[in-house]
Amino acid sequence: MFIHNKRLQYTVRVAEPDPVLASYMLEQFGGPDGELAAAMRYFTQGLGDEDPGRKDLLLDIATEELSHLEVIGSIVAMLNKGVKARISEGAMEEAELYMSLNRGGNSHTQAILYGGGPSLTNSAGVPWTAAYIDSRGDPTCDLRSNIAAESRAKIVYERLINVTDDPGVKDALGFLMTREIAHQKSFEKALYAIEDNFPPGKLPGVERYANVYVNTSQGEGDMDGPWNSGEQWERVDDVTSELPVDGGDGLATVGLGDEDGATLAALASRTKSHAGGDPATGVELGAGPGAGKVTGADHGGAEDIDDARTMAQSLTPSR
Amino acid sequence: MFIHNKRLQYTVRVAEPDPVLASYMLEQFGGPDGELAAAMRYFTQGLGDEDPGRKDLLLDIATEELSHLEVIGSIVAMLNKGVKARISEGAMEEAELYMSLNRGGNSHTQAILYGGGPSLTNSAGVPWTAAYIDSRGDPTCDLRSNIAAESRAKIVYERLINVTDDPGVKDALGFLMTREIAHQKSFEKALYAIEDNFPPGKLPGVERYANVYVNTSQGEGDMDGPWNSGEQWERVDDVTSELPVDGGDGLATVGLGDEDGATLAALASRTKSHAGGDPATGVELGAGPGAGKVTGADHGGAEDIDDARTMAQSLTPSR
Amino acid sequence: MFIHNKRLQYTVRVAEPDPVLASYMLEQFGGPDGELAAAMRYFTQGLGDEDPGRKDLLLDIATEELSHLEVIGSIVAMLNKGVKARISEGAMEEAELYMSLNRGGNSHTQAILYGGGPSLTNSAGVPWTAAYIDSRGDPTCDLRSNIAAESRAKIVYERLINVTDDPGVKDALGFLMTREIAHQKSFEKALYAIEDNFPPGKLPGVERYANVYVNTSQGEGDMDGPWNSGEQWERVDDVTSELPVDGGDGLATVGLGDEDGATLAALASRTKSHAGGDPATGVELGAGPGAGKVTGADHGGAEDIDDARTMAQSLTPSR
Amino acid sequence: MFIHNKRLQYTVRVAEPDPVLASYMLEQFGGPDGELAAAMRYFTQGLGDEDPGRKDLLLDIATEELSHLEVIGSIVAMLNKGVKARISEGAMEEAELYMSLNRGGNSHTQAILYGGGPSLTNSAGVPWTAAYIDSRGDPTCDLRSNIAAESRAKIVYERLINVTDDPGVKDALGFLMTREIAHQKSFEKALYAIEDNFPPGKLPGVERYANVYVNTSQGEGDMDGPWNSGEQWERVDDVTSELPVDGGDGLATVGLGDEDGATLAALASRTKSHAGGDPATGVELGAGPGAGKVTGADHGGAEDIDDARTMAQSLTPSR
Amino acid sequence: MFIHNKRLQYTVRVAEPDPVLASYMLEQFGGPDGELAAAMRYFTQGLGDEDPGRKDLLLDIATEELSHLEVIGSIVAMLNKGVKARISEGAMEEAELYMSLNRGGNSHTQAILYGGGPSLTNSAGVPWTAAYIDSRGDPTCDLRSNIAAESRAKIVYERLINVTDDPGVKDALGFLMTREIAHQKSFEKALYAIEDNFPPGKLPGVERYANVYVNTSQGEGDMDGPWNSGEQWERVDDVTSELPVDGGDGLATVGLGDEDGATLAALASRTKSHAGGDPATGVELGAGPGAGKVTGADHGGAEDIDDARTMAQSLTPSR
Amino acid sequence: MFIHNKRLQYTVRVAEPDPVLASYMLEQFGGPDGELAAAMRYFTQGLGDEDPGRKDLLLDIATEELSHLEVIGSIVAMLNKGVKARISEGAMEEAELYMSLNRGGNSHTQAILYGGGPSLTNSAGVPWTAAYIDSRGDPTCDLRSNIAAESRAKIVYERLINVTDDPGVKDALGFLMTREIAHQKSFEKALYAIEDNFPPGKLPGVERYANVYVNTSQGEGDMDGPWNSGEQWERVDDVTSELPVDGGDGLATVGLGDEDGATLAALASRTKSHAGGDPATGVELGAGPGAGKVTGADHGGAEDIDDARTMAQSLTPSR
């Protein structure tokens, strides 16, 4: 069961309201790497885990992330106090209020729709979705996902620190960023406390494909690195001549019963494309008298377009 | 630039159509850990990376994942050939066709809406969303995200292998699963080829919070492990008495100018909650003559409810 | 700050695994009226509220809802224990495992993608979205939204109770359902503790439109009720002859400057529709030799279609 | 069946184009509390309702909301006339046009993607989703949801009125806002015309949990109010010592058959976490020579970060 | 299988970074008519098509669209190079960096969340969704959808060309726009190479409804055109007197068994609306002492509201 | 303004309830090609169009589609009457009700969440989204999108007709399907009533790229057709040797100022990948004692996996 203590885990001291900065901060409230995503990732994993140690860890950190959600949400609430009061009380001339909502970021939606409260959206106003949560019910996957998530959250906090000079906000963000580092370390320990954690799951790979590096992107810029070269790698450069890798015909086939086969043949026949001839088409009907419009004269790229613009602009009287 | 070769990277031999299995396979076509997600994760990273070696790696693997998208999509297309023909040609009695669409998974939507073609949805019919992509433009984060994504993809392939006994499908899935293992190895090499990859980014953490483990989930079941115990951890068990960790007052505050302050006061006064008294409410108006309905008699839990059900069922004559 | 106690608020005793029932239960875990939605609705409101009493109430209930999220999530986890073990360990013949995933609901996705862990989706597998949260930063709106949300959650629990005969699950659901009743009562009290709570906000309505009932849906079935009849209502039945209600011309107009006006005229001219004549169209090109296909003979509705089906079915040899 | 009359329900007179204001107005066109949401909420309820009076009411208001969708959409279309003409005709220098799209709100997307037509998005450009619709098929829930939705719509109109000084727009918004007030009144009447409307549905609550208030958020700031105090409430302050409320052990359990039990034991053993020791982890490999980076020196919070920034900035030559 | 060549299909030469322009360009990277949508539309169709010619065409164009995704993504990456470096290196004073992120469009999210990499979102930051893909598995539908999609993509490129004066960007956009024209022509040819392509599918329409035009929107502004007038159309102006068109009673009915019938009757009775009387409602409780607030005096629309604003503003001391 | 007449446009006579069929029908209620999508596509276009004839057409058809939404929604409501009554009244034994919800399609969510009312979701339970609407504000695009949308709607109705043998449902679906044919014809006429409708918009293409067909998908299966061969096409088969098509270097470049250049260099240096050596990685730490697990022995594909399964299954005692 969860209990709440009215003190924040970290004191929030905001120097003055700034709804644009508030809208940036939403990344860590309702964004993909934000605190709700973190809390829910670990909480869903914790509920399903069979290992008591890992379950304890996951619930500890999930709970702390909820407390961080409260800290970042409180920062947003403070940064929005001014706009919240003004839009609720209608306390400015309309034109002034319009201007004060239009300073940037996604602050206008935060004011009009959410009334200045912290909304579970990212900094663009996109509502949080559980599509961000990648819990899969296998601990060696889930811990790797958590490690990655913590590292992303750390970077986003770093970027937010880089854009504010409010010392109280900076302080609180520094605390939150540091906790992500600590959590990443914990999840790393938990991953390596599982003895045989690679590859995830139980099935081994098929040996002949496990050490092959397929050089599918070719041309100037091909590079060597430990990820494709050295003893453990068999690198394939001549990709197409080895197609398919299994020595088959490289086609997709399915066994169809007689009835399905006949039905499919009927479908194929009914929707057959007649390769010969040159059928008249809708665009030919539609290209109209100005059929030359499809292409301009051929003396470059942007120039043609500029010609068309000039022509276009002559339609507007005052220019 | 991308070029396509009509051979698949791995030959697809499906024994017979099975639209339910097809709908399961969609997890790896249009699901969160599927091949489109993989290709787009690496492709977006590759376009933005400054390091030529990593850029090459990302484009190589992105391109291979597109080829895997083609393999898994071809499996789906083959498994759906029968239903596709039948629903297009109306080649069965209606009741028979209805039954053949209703065998399970999400196969009914695949037939009615997508006509048996491979759809960019997961196995529940949820359309693919770029919210699955977690590229953040920092290589030490992005590589960790890639490592995690490959491990998740490996597990989902393993689960799919576990539910099909079609040898051709199993073979192709085994290939695809193995390539995820190989890719994870490459991304690991690339991560550790960055000299100082932890913590991600440039800002260090704040020392006093970096090694603290906060034991927020308490009670029977508290466990020790390398993630919270040992030399490198300072573990805090008495969480609330140390609140807040910064020694402040644990409140959220903001400096408001006079005008905003007065406006906020007006707002607070206008929406003040009157704590005393016991105002009549809508539910009291609505609880009506059967006010006893709010709660049953108190002799347990499910029993009350069963009583209510019995009462309810007496309304239906034929029972 | 949040703290967690390892005991659940209500003991969960599940008689035996049932992944289909688990997928139904997800409605209250990751569905629109589920516990995450409840917790986040109240939490976001609580962070932004100016009134200390209401803030306390909102945080109390938000915290309790998180505890309910834990209870319902634990029910899901228990109901899925069997499938989780089987798909992870590959512990059945493939065909058997395939069958065990295909028993209904959305249980197949829960197994393949989420590995049997509780996923933040509804019973159809749709990921939770903050679009479900309707906090608007005005307490008289937000409390009404909370009242409505609690009443929806109550009904969904009632439906879940109606479909399970597992006594432990029924008991826990009965507890959760009852708490929604209690919360609704609290929110009602809080709404009526605001002295002047209707209409929400500060601006009054425009008198001449505030008591009008517009009878826009007409014909047999028009009814009288306290919502459109009686002293306080002015009911308008002859809707179109009074159009528009403001006595204007019922058009939409805008003042355009000269330049914009000329540009708009150019646009209108360029995309003008030629009303006269009967231009040849793409579908006429495409109707082909079987132009009679557009319509069948006219002796009813379904019969035509059946004729076409018969014709169609003659394409399939074995019927 | 629906019929349309070309006159608007309310005349729209816009003084001059303003694409930023247009993007704000979208909240009530394609936003969560906008007119499409309203129309669809009532329409879906009306189709399913068993009561002829309520069905009539729901269809009346649904139809009127469609008319309001037309009014607000016409306002948006008028406010965008200028930008629509300019971007279609290419009627300005590129740099000028770029500037004219970049005045704020979400006006740039409205121009580039939607060409100035009214788009079914909210003011942040988020597409409308039926996730906003909370019809549940129970009239006492649905009417409460409608009451709440009308109150939210009223507030959003009020905020829009507060930010425009165009008298024609203000007039039309005043009409639309007032109609929400009238609709809320109708829905209230309809709710209380159901005799026994609380709690919703048929099942009573479990008596022992129906009047309990759980004080889960504790500390300074705990308040009394009619929502948690007084005769009808039993308030629990000592939350954890009463855990769980049912007197059980507060655990989650499930009865597993022998086979599932053994499989689960195998899974638990395979993924066991080794609590002892201190395994080397990936981040230890990655912390590299600059391992001091994990944390700065410990003399505060923001200061450390500023030190790192200073260090960082020395990399940029011109500063 | 896909192969990648490191050269772009078209050289990208960006004069200087411009993150606002970058955010506009995202429409064609991760927007609904962008290159990923195009590639995936054709790719999913190609995998499922039975006709070898059309399959070849679809894969050719799908592959080219992936190459265009690379071109437009490279433009975005170049336009963001400056902001990417600055936010990663913390290379400006915070206030300066804050300003440089707040220049418009959705550039702030691109910097903070995506770190300047090309994100699969549209210009408002909305993540790409496969809901944009309308492949239905019928070639005469799918080709029409492709024709429409190419025409939309052409227009969005035209709008982007209209807002940039960077000659290298203009050039590349001109190329991409032109290819959409060429693709539209190819898809038109493929549609008309199917002999009998209208109406799509196999079932004919019901003759008596196929040539009727229903004039449902009436009043001043009713127009004639080839779409509703002339020999091939039977136009119905008196819509309601012909309701329903099938000569039935225009009602919806269902045959219910005895048990369901009785249960439904019980439901209807339980939730019956009492049409008589005038029940007290929640809003009447809530309108409080200032009940006059519901409506202002009736001397117009906007004026009332302005009165309220004046009153409101008197609450703020400094005005 | 919209008015509603209580008669349906087409009488709905459903023989008996069938919630699975109801869930299929939702495709045309709340699915991507359903009636809400149709109505909203035309309505948003109509509000913005400058041409009075086209505006009239768009509003006529938009209004008719709303009437179709009512017809299909009424079908869904009738098909769900039984389940709605049963789940509301709790009128069956729990196990019976559980079974009756679990018959297939997405009927379980329709019952539990939506209470049997018609929900604005598709047949998989995915909520309707305005991402389905592709109105772009250019009539030659929008009409093409409408033509395509009508053709898709026709096919989905055809598929639904193919799966039901209820004559009343078939009749109503036949009517609805036929109206899509009629609407497609109207939109075709409207498109060709615009004189110069191809290419859409105003800018011509760049001549040298407008008639080129790029054969990017190569190998066995390359086909000729009117879409890539004949007089009007210049087909490029040797794709890579002509890269890039503009004769440039095929790279992406941007001009950076000194400061940004230096910052970018710092970033590149900080995140440089060390190509030499073979760094130890996390997976090497994690592969543990069972390092052989990464790959099985190499004697095929599926066989390895089966070996692993056998091994795995030996863990479960009873097999």
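Every chain is named by a letter (A, B, C, D, E and F) in the order it is written, and numbering of its residues begins at 1.
Convention: a residue touches a chain if its C-beta (ideal position, glycine included) is under 8 Å from a C-beta of that chain, and two chains touch if they have at least 3 such contacts.
Bear in mind the structure is a predicted one, so any value in this text is a computation, not a measurement.
Each step here moves to a touching chain, and the least such steps from chain A to chain F number 1.
Common neighbours of chain D and chain E, listed by label, are A, B, C, F. Comparing mean CA positions across the assembly, the chain most remote from chain C is A. In a homomeric contact, the two copies may use the same or different surfaces; for chain B and chain E, over half of the interface residue numbers are shared, pointing to the same surface. Look at where the CA atoms of chain B average out and do the same for chain C: the two points lie 20 Å apart. Taking each chain's centre as the mean of its C-alpha atoms, chain D lies 24 Å from chain F. Spacing of chain E relative to chain F, judged by their CA centroids, is 12 angstrom.
Multi-chain contact residues of chain D, defined as those touching 2 or more other chains: 1-9, 32-33, 53-54, 59-60, 62-64, 67, 74, 77, 84, 88-91, 103-104, 106, 113, 115, 121, 124-127, 129, 131, 136, 138, 140, 147, 155-156, 158, 161-162, 171, 174-175, 178, 181, 184-185, 189-195, 198-199, 201-203, 205-206, 210-211, 216-217, 221-226, 232, 240, 243-244, 246, 250, 259, 263-264, 266-267, 270, 273, 275, 277-283, 285, 294-295, 300-301, 304-305, 308-309, 312, 315-316, 319.
Residue ranges on chain D touching chain B, taken from their complex, read 140, 191-192, 194-199, 202-208, 210-211, 223-226, 230-232, 246, 273, 275-279, 282-283, 285-290, 292-298, 300-301, 304-305, 308-309, 312. Put simply, chain A touches chain D in their complex at residues 1-7, 50-51, 53-54, 87, 90, 93-95, 97-98, 101-104, 106, 108-109, 111-113, 115, 121, 124-127, 138-140, 147, 161-162, 167, 170-171, 174-175, 178, 181, 184-185, 188-195, 202, 308-309, 312-313, 315-316, 319. Considering their complex, residues 20-21, 23-24, 27, 31-33, 89-92, 103-106, 122-126, 155-156, 158-160, 162-165, 216-222, 239-240, 243-244, 250, 264, 267-268, 270-275, 277-284, 294-295, 300-302, 304-305, 309 of chain D touch chain A. The touching residues of chain E, when paired with chain B in their complex, are 1-9, 30, 36, 40, 43-45, 47-48, 59-60, 62-64, 66-67, 69-70, 73-74, 76-77, 80, 84, 88-90, 113-121, 127-131, 133, 135-138, 201-203, 258-259, 262-263, 266, 279-282, 285, 312, 315-319. Residues 5-17, 32-33, 52-57, 59-64, 67, 74-75, 77-79, 81-82, 84-86, 88-89, 91, 129, 131-132, 134, 136, 138, 140-141, 144-145, 147-149, 151-152, 154-156, 158, 161, 171, 174-175, 177-179, 181-182, 184-187, 189-190, 192-193, 198-203, 205-206, 209-217, 221-228, 232, 240, 243-246, 248-257, 259-260, 263-264, 266-267, 270 of chain B are the ones touching chain A in the complex.
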